[in-house]
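Below are the structure tokens for one structure; questions will follow.
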Amino acid sequence: MNCIILKNQKLAEGFFYLSIKPKALIGGIKAGQFVMVRVGTSSVPLLRRPMGIADFKVDGSEFGLLIQITGIGTRLLSNLVPGDNLDVLGPFGNGFPPDLKGEKIWAVAGGTGVAPFMGIAANNIFGNKFKLLLGARSADFLLQTSFFSDRGIPVDVSTEDSTKGFGGLVTELVDKNIKSNGKPDVMFTCGPISMMKALASVADEHNIPLYASLENRMACGFGVCLGCVLKKQNEDRFFTVCRKGPVFLSSEVEILNT
Amino acid sequence: MNTPNISVNLAGINLRNPIIAASGTFGYGLAFQNFLDLGNIGGFVTKGISLKPRVGNPDPRICETPSGMLNSIGLHNVGLEKFITSKMPEIRKVDTSVIVNFFGETVEEYVELANRLDQVEGIDGLEMNISCPNVNKGGSSFGTDLSVTCNVVNLCRKATKKPLIVKLSPNVGDIVEFAKACEDNGADAISAINTLVGMAIDIKSRKPLLAKRTGGLSGPAIKPIAVRMVNECYRSVKIPIIGIGGIATVQDIIEFTLAGATAIQIGTMNFVDPAICEKLAAELAPLLNELGVDNLHDLIGQVS
Amino acid sequence: MNTPNISVNLAGINLRNPIIAASGTFGYGLAFQNFLDLGNIGGFVTKGISLKPRVGNPDPRICETPSGMLNSIGLHNVGLEKFITSKMPEIRKVDTSVIVNFFGETVEEYVELANRLDQVEGIDGLEMNISCPNVNKGGSSFGTDLSVTCNVVNLCRKATKKPLIVKLSPNVGDIVEFAKACEDNGADAISAINTLVGMAIDIKSRKPLLAKRTGGLSGPAIKPIAVRMVNECYRSVKIPIIGIGGIATVQDIIEFTLAGATAIQIGTMNFVDPAICEKLAAELAPLLNELGVDNLHDLIGQVS
Amino acid sequence: MNCIILKNQKLAEGFFYLSIKPKALIGGIKAGQFVMVRVGTSSVPLLRRPMGIADFKVDGSEFGLLIQITGIGTRLLSNLVPGDNLDVLGPFGNGFPPDLKGEKIWAVAGGTGVAPFMGIAANNIFGNKFKLLLGARSADFLLQTSFFSDRGIPVDVSTEDSTKGFGGLVTELVDKNIKSNGKPDVMFTCGPISMMKALASVADEHNIPLYASLENRMACGFGVCLGCVLKKQNEDRFFTVCRKGPVFLSSEVEILNT
């Protein structure tokens, strides 16, 4: 799918946000889905890079990617300028469940993990049931918080170096919130695997269903290479993250329970 | 200007064009219908099928390398039963040539698979993947032991009347010996090449980037090795050769054809561009026109 | 923070760092003095020397491939006499370890070269290139025939007291057999790997891109194969291994070290950046600091 | 050697001219030498591309490259914009002999082969002894002719389609010039190999020394890979084009005499 870069915005050192216009509408994007992005046209880098869809318009006329530079591919993407072409496949995967009962939905995110929740916020999917708890190492890396507050969504933040909000890990912030406000009906999470693991044990302890957006190296993004598998909890079988996920109930995947 | 003929006859399988999607990179074909019309490609090879379903190797299973990738997907597949009952009915609806890739852990398993698949309607050919660990030989690969290769090809040949293609391992000293062994034991065609064994290490964790330590190298990086092996085989056997390894452009297809390939397979590039088989099929006749060639067949092995 | 130790002892050769320029990609060392200070690199290996001067293969001799190149330079070199009389006096002035790469067309030539080079002052080690056509065996390579390898290594071992390094061909079914044969026959170290045989074709002229039809594939494309082979050898032999194949960054050096390399060689990348050996040498200690390692030696073979 | 792009000028469809400023002066450039240009920073394309030095300043503070797009490397170079970095090695090779006796020196060029003669013209190396005969398939591809005429250097042109100047091949133009003006004392040439071959036989016939700038695939550019060799005339030996050339006396190389 051919797309055009509308904007490339630096958010913090090593983080940028691409606003993208598909040349044809992308039907039915769900928050938590991802796209496979081709970087350049040569064989280095060879494979597409998976990137979660951040903000998007429901009519599929625009979407954004919040990207952290971690290697050759993301570095090349960071050089894109408005008007450049971008070759994208997707949307792929299942996204966060949009039709949950419960009255209190907390999204717990770390770093670029805030991205999929932008789509939920922008399209007001859960109205005032929704709250964001965002953690980062330092205030500069608390990305896109105003995107949520501008839309009236409560945002509670933590920083490891105490430069903003609660001083500590975002899981501690979750604990604190549970203590003061009671537990949510369901949690969503996206971020570093260590954070999501810690959160999975908090969720387990309090018996809160947790939907986690997982990552793995991917070659195809749509279930055919079988490269992106993770082990099922308590079963000698694998899921493909790209097709069965990337959003899973935390109790179902071994990696969040070890 | 005539439209050049790009259809080929591959050991009795009539392909509308020489472009076949390679095993393990095209699933069971069906998922690609979102990206292309299977009626426009020569055919596809299924993911390798075993007697029983297999969960495959632990993860991580893939990583990227310069102009290539490593994979250790392993034996992950739905198994023969489910393949026949739940995949084949869908596959039969598709207007393209269907080649089923299969493998066993023992010679007996290979033979049983050949036997069973022989009976299945809608399969145009069988491709034996012999780059698999042989449990009766301490896990060394079938395809790197000449006498084992002779034996398993010979027995599978007797088990099926369908066109039998043997897919050669490049991890051998002399691929020609293996190509000849396949020809002598009744193979109708050979596929060359499967992946080269490679390894990559994460220097921070000091762990291999693949859980299985090593994996198969594929992609443009291996193209020169594949072209050489196809050409070596072409000069030594008479059965047709399917060229495989790093094909990414229509020029690459001609390169393999000149080296001796009757048809070609595209593997890794299906991930990069899931419509690539169809796109290259559309580019082939125009390129032949440019080269002044009426019939793709006239180019096979014509490197001087 | 201590400065990590990056010096290594390679079979008795003390290298100030593990970075050696590979044979055939560094001439006789001297031309690179325009780009770097040879006193800052571990050492270099000369272009392969034969008894008599050789003009080498017809042109074209090189072409580019995805993340790699093919070469069929062949035997082109000044010959032993001129090497000793006109190159060595200059080479002796240089403050780095000097390894002389040599090859013959017959076992006798190898032995005579080992004998003669043994007497030459200023040579720290000898590297036998056994990926050469054996005229007495119809041109098949010495390094792909196990008994020939055993024999030629054994006889060269007797002909020299200098550290004897055997450079292995990757074009074999099982490189470990060859590594063991070298160890058993007295080699002090092995270099792995030489180039993989490859081919590329110009689709317009229908001619191979190299006049000799095939050539050796080198560059980043082959790195995963080289890392795997180094690791296989490390798990099977005790003599030190020089890792070679596609090294382009300081991270690649650590990757080969973890796989089992005591030292490494840089080949093709010397063409892309003639100062690369010196640059990577400067980057090595800082990277070890980052990785929390005091001594490069502690990383050898430490992939888990 | 780090350089900065000053200008990227399209000359004709598929041809462009890069004006380049080295960050440090390049000592002693001679007309006919070349540089090895790194294209990008990844392993595709891997090898540097050899490019003849076109116009240059004798103090080594600026030089130009006249480039024809023929593949991936030259296409990427055509995208460079002012301010971009370019990694260049050289100058390499021997160039055209600057100290010739004779009173009449003709440079015979085809297409981008005009490039090395720009350096001769700009630095007025041969004064009014020098004349350019330039051929192309069509008027649009007669590149840089005003560069010469602006400097008072006579330019005689030919086009295969007769859209400008003499209608025919540049070798025919040379014949015509010899017939009307007498033969030159020496000729230089640069251009397609078929043109240079034809010119070599003209030179041979009239007994005119001909210096030809040759090309070959190159990996290093400075004599160590031994990849760029060509056969010596009447000898079973090879030259390296990069170190012994790229300029050769036409009688010395087999490829111009077969």
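Details
Order of writing sets the labels: A, B, C and D. Residues in every chain begin at 1.
Definition applied: contacts are C-beta pairs under 8 Å (C-beta built on N, C-alpha and C of every residue); 3 or more make two chains touch, one makes a residue touch a chain.
Predicted, not measured: the structure shown is a model, and the values here were computed from it.
Listing every chain that touches chain B and chain D alike gives A, C. Interface comparison, A-C versus C-D: the higher number of contacting C-beta pairs is recorded for C-D.
Mean C-alpha position of chain A lies 47 Å from that of chain C.
If you average the Cα atoms of chain B and of chain C, the two centres end up 34 Å apart.
Inter-chain spacing, taken between the CA centroids of chain A and chain B, is 37 Å. Residue positions 43-44 of chain D each touch two or more of the other chains. Residue positions of chain B touching 2 or more other chains, listed in rising order: 66-68, 219-221.
If you sketch which chains touch which, every chain touches every other chain without exception.
Per the touch definition, chain D reaches chain C in the complex via residues 38, 43-48, 89, 216-220, 222-231, 236-238. Contact residues on chain C toward chain A in their complex (touch as defined above): 66-67. On the chain C side of its complex with chain B, the touching residues are 65-68, 70, 144, 171-174, 196-201, 203-208, 213-214, 217, 219-225, 227-228, 231, 246, 251, 254-255, 258-259, 291, 299, 302-304. Within the complex formed with chain A, the chain B residues making contact are 24-27, 31-32, 34, 47, 55-56, 58-64, 66-69, 71, 73, 76, 219-221, 248, 268, 270-274. Every residue of chain A that touches chain C in the complex is listed here, in rising order: 43-44.
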